[in-house]
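The letters A, B, C and D name the chains in turn, as written, and every chain counts its residues from 1.
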């Protein structure tokens, strides 16, 4: 029974960690973009205040059960995905359930949230939401392909499909996969900004065109749950990349350094970019990223 | 002003005078020509100006309420892009039950002006299409741009007024009342005294 | 008498009973149908002896009926889906005319499928195959819509398939002197290379046609969407699986045993291409029925890919997907039918916002769509996972990418289906739409419960698949109740998945619902933030026309033209190619049968001259 | 409860602190004041350092900025937007036009006193107020929120009948959805 207690405590701690780190990263992002634009910018803890404020809103409005459930699907996806990702290589608390999932499973569970979100956005009846969903799903088809190619290349090269297995291989070989299979890393890296939906790939929620798209009817506690989920999910994605390509992390400081370094890439790209149109974004993903994906597959297979 | 400069203007006037029965016509100044016509002559004059004289640009259309004469004066302003001349075609219709022909088949943008005039003055245009409600929403008073519409009374009746504005005097008078107050230093250089 | 013969007689009896019942009185007919829906599976589950074989000889041809475990697996699909569809049909066909013919054909197609799955020889297989084809043809033209195009096309393609099969059968008979399936499989290794290919490819053509694989799928979208929806769930769910059944034993028994893997690989590639192209077509459909029809083709593509690859895990995945596809596509076609019946249309640009009017239908479709999309924790994920892992283990990386592309793009049409019919603004036009009758919703809900259970306990299906695979030569297939394992030993524990998702879901559900419970307001879908503009009830703000325009623009430079057009023209081309056949085929069954017999005679007489045996 | 600081509970203090430092602004761009918002938000004046950021839709917003004169036709939309916002919500009126009609005081279609139609928490005077003044207004609003005095949303609900009467005086054809919180 003690094992289960530890597991639950570990799961809670992991969630809390992901939330905190994700929130601070989002705060840093705002700060960095502000500095790039020669502004002071909000304090780094600003996103905590935003979430708290939204949570303390006295009313919230929904258009039906699917909208009520949409943030729930999102956060369920984020937290469950977190449960199946090894946050630290050999921590007691942070292993969670990662022994019972693998990469394909992670790919699919990551879609669970956006699909629910899309259903909720659809129920609001706001045309902007539906347009945003249509764009978002189209963009997803774009970036998933190179990203999946990179992952399949890793799986074929190292003959394992589990994240833990890939981590073990990296610690056995003593090298990171970004060096041992660089082509896959490049493909995955090029696909990454699409996953984060920062500029130039912020076509889903484009505030100036779509009035923030799918989330345009969500406010109060719904929006705060979504922001929470978003920050957890950012951490999840970064951790997954670190686990796959950068050899994981054996303590929290290493994890924070690696994820932050990785996080800077979409953030800095986004800070100086305008917005793509949807078809431009997909064409981008089906250009060089796809080429590197193919190259990685061929490199892995032969 | 030599005759030479007004050559184009004079040529236009001559043409129009020859072809149409104008009530009045004059050259206001260089680049400004004014003709006054009967309502039924409006379409021929405008068509002639557009097709034959090169006044292809429909610049504006406006309406003046001559309540003393019991008439509306509608002004069509045309523009000749090469000769750079404005042609003012003016016509007068009775305020009550007057109507003008619709000219949006000549220039499509005239439709917008006509709908605005219809709404703001209550002047009828024969055969004008489009929704009755254009700029105003749910307006059930007399058309607001007519001079018999008492704006101030309407405003006083419908809207609230913040105290301090009740006299509605010119701001300068208010300032005048305060001349004995000490002005701050930075304001002194803008002072009229 | 043997239980197998009794089963067939029972089904035939019920078919006649419901036909005559309906010609007397609708109620009597409905009772007969309901009895059929209850008694046939009851008899099958309790009384049928699966080890029994019946053999008899008709004019020199030996025929044999008997179940093997592989056939039993597919019978399970038929015996579970068809009764539910029958019960659904009671609600769906309540106000229509000629119901007698409908139920007669329906039950006869069940008879055909049951017969196919218990045939141990080619003659009875062929007979039952034709019974199935005819009865389904009658249902395709039942509504009288678009008979010229879809009906004739279905007939022509079915006839082609039948010819191909028949030719194969004749050649096999020439070579082995026996009509038994097993004799053929055993003798296959000794055939000459030409015969191997000829028989194999002809059989594969016949079966692939029913499972709508890429070059010969043209009949499917029209036929699926023109049939009454009550039958389409069976048509797409079970009847197309007969093709998969055939492909399964052809590919595995022949090619795997005779080391002709590349033929299977070609089949797998065809499946993958089918999946991608059909998915792209499905995305741009505006009619929900057409969308589902294309989606069926795509899903059958996955199944064919799995079977074509021919490894243990991939066949397992293919068969599992076949079972699951029957369930979720059954639900979806039923839901589309329910919407069609209640709201009058399935055009997704017209129908919007039925979620509050038809919550049960929505729930069932939601579950089915999640299963279709392969998102955990529902059953569809299991099949997708096994398929991917088998492809990756096998090193077929290009095929993995194609399948991935197809199933990622499948999210687009999955969402479009739900959004188009159930979400969006609620219109006064559909104010009075009511939930479908319990006769229609209960089958849907039962199937969706099945889908939910398979998400955490897929073992209940694995059991039958593992049994069935022993007949295909895979002994000791490993399966566990809720753990998936691939060839490299990586695994997914589904109970952990379901548990963690469930716990997180419930925790946050409580948090979100309880937090400020009294302050959460419901507002109508007309109350949206639209720059302060007040939306009138009759204004429809739903964005449903050209829903995936961005995606269309993306694909434009790749395909240079609209995909529907491409498909249409492809279909037109095929149609024109067989235009002369329309003159030969009058479109009724008798001439068709006559031609088949003539063809049979010609083949038997001249086969030596033609093939040189 | 919100009358004086002493009676605030600890929860309220925390909530008000968060609300004060996180103002999502919906700029309803009427009149000339809309052009003052971009410089306020961007590099020169950088309102984001106070936690002020733009929101695209009323559902997410806290503060409604009325940036200039309001025509009667626009007022209808503003009321709609205001009612779509989620409590607690604040309104800031910009410039003399929002305060007393400004230079449009005697126009037949421009309202003169915004606070008769929706509750205004902070007015910023000027014609137009410069970004410094706007920021000063935000700071004032933050102070009011901290003290729990920015209770316009509460007043609106309590005096809904009065506000409705004023609104219906102008908007003769009243076809808005109900506001029943």
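As a convention for this text, a contact is a pair of C-beta atoms (placed from the backbone, for glycine too) under 8 Å apart; a residue touches a chain by one contact, two chains touch by 3 or more.
Computed from a predicted structure; not experimentally measured.
K.L.:
Go through B-D and A-C and name the pair with more C-beta contacts between its chains.
P.N.:
Looking at contacts between chains, A-C has the larger number.
K.L.:
With centres defined as the mean of C-alpha atoms, identify the chain lying farthest from chain D.
P.N.:
Result for the farthest chain: C.
K.L.:
Any idea which chain sits dead centre by C-alpha averages?
P.N.:
Chain closest to the assembly's C-alpha mean: A.
K.L.:
Cα centroid separation between chain B and chain C, in whole Å?
P.N.:
72
K.L.:
Using CA atom averages as chain centres, what separation in Å is found between chain A and chain B?
P.N.:
Once rounded, the distance between the two centres reads 60 Å.
K.L.:
What whole-Å value do you get for the distance between chain A and chain C if each is reduced to the mean of its CA atoms?
P.N.:
36
K.L.:
Among the residues of chain C, which ones contact at least 2 other chains?
P.N.:
519, 521, 523-524, 526-527, 529
K.L.:
Can you pull out the residues of chain B that are in contact with at least two other chains?
P.N.:
Nothing qualifies.
K.L.:
Which positions in chain D touch two or more other chains at once?
P.N.:
57, 59, 76, 84, 87, 181
K.L.:
Mapping chain-to-chain touches, which pattern fits: line, ring, star, complete or other?
P.N.:
Shape of the chain contacts: other, as it matches none of the listed patterns.
K.L.:
All pairs of touching chains?
P.N.:
A-C, A-D, B-D, C-D
K.L.:
Which residues of chain D touch chain B in the complex?
P.N.:
Touch list, chain D to chain B: 72-73, 76, 99-101, 105-109, 111-113, 116, 166, 169-173.
K.L.:
Could you please specify the touching residues of chain A with respect to chain D in the complex?
P.N.:
Residues 30, 34, 37-43, 46, 49-50, 52-54, 56-61, 207, 210-212, 215-220, 223 of chain A touch chain D in their complex.
K.L.:
Spell out the part of chain B that touches chain D in their complex, as residue ranges.
P.N.:
Counting only chain B, the residues touching chain D are 135-138, 140, 144, 149, 151-152, 154-155, 158-162, 164-165, 168.
K.L.:
Residues of chain A touching chain C in their complex?
P.N.:
Those in contact with chain C are residues 55, 58-66, 68-69, 71-72, 75-76, 79-80, 83-84, 97, 99-102, 104-105, 108-109, 111-112, 115, 118-119, 122-127, 130-131, 133-135, 137-138, 140-142, 144-145, 148-149, 152-153, 155-156, 159-162, 165, 211, 216-217, 220-222, 225, 277-279, 282-283, 286, 293, 297, 300-301.
K.L.:
Quick check: in the complex, which residue numbers of chain C touch chain D?
P.N.:
519, 521, 523-524, 526-527, 529, 531-534, 536
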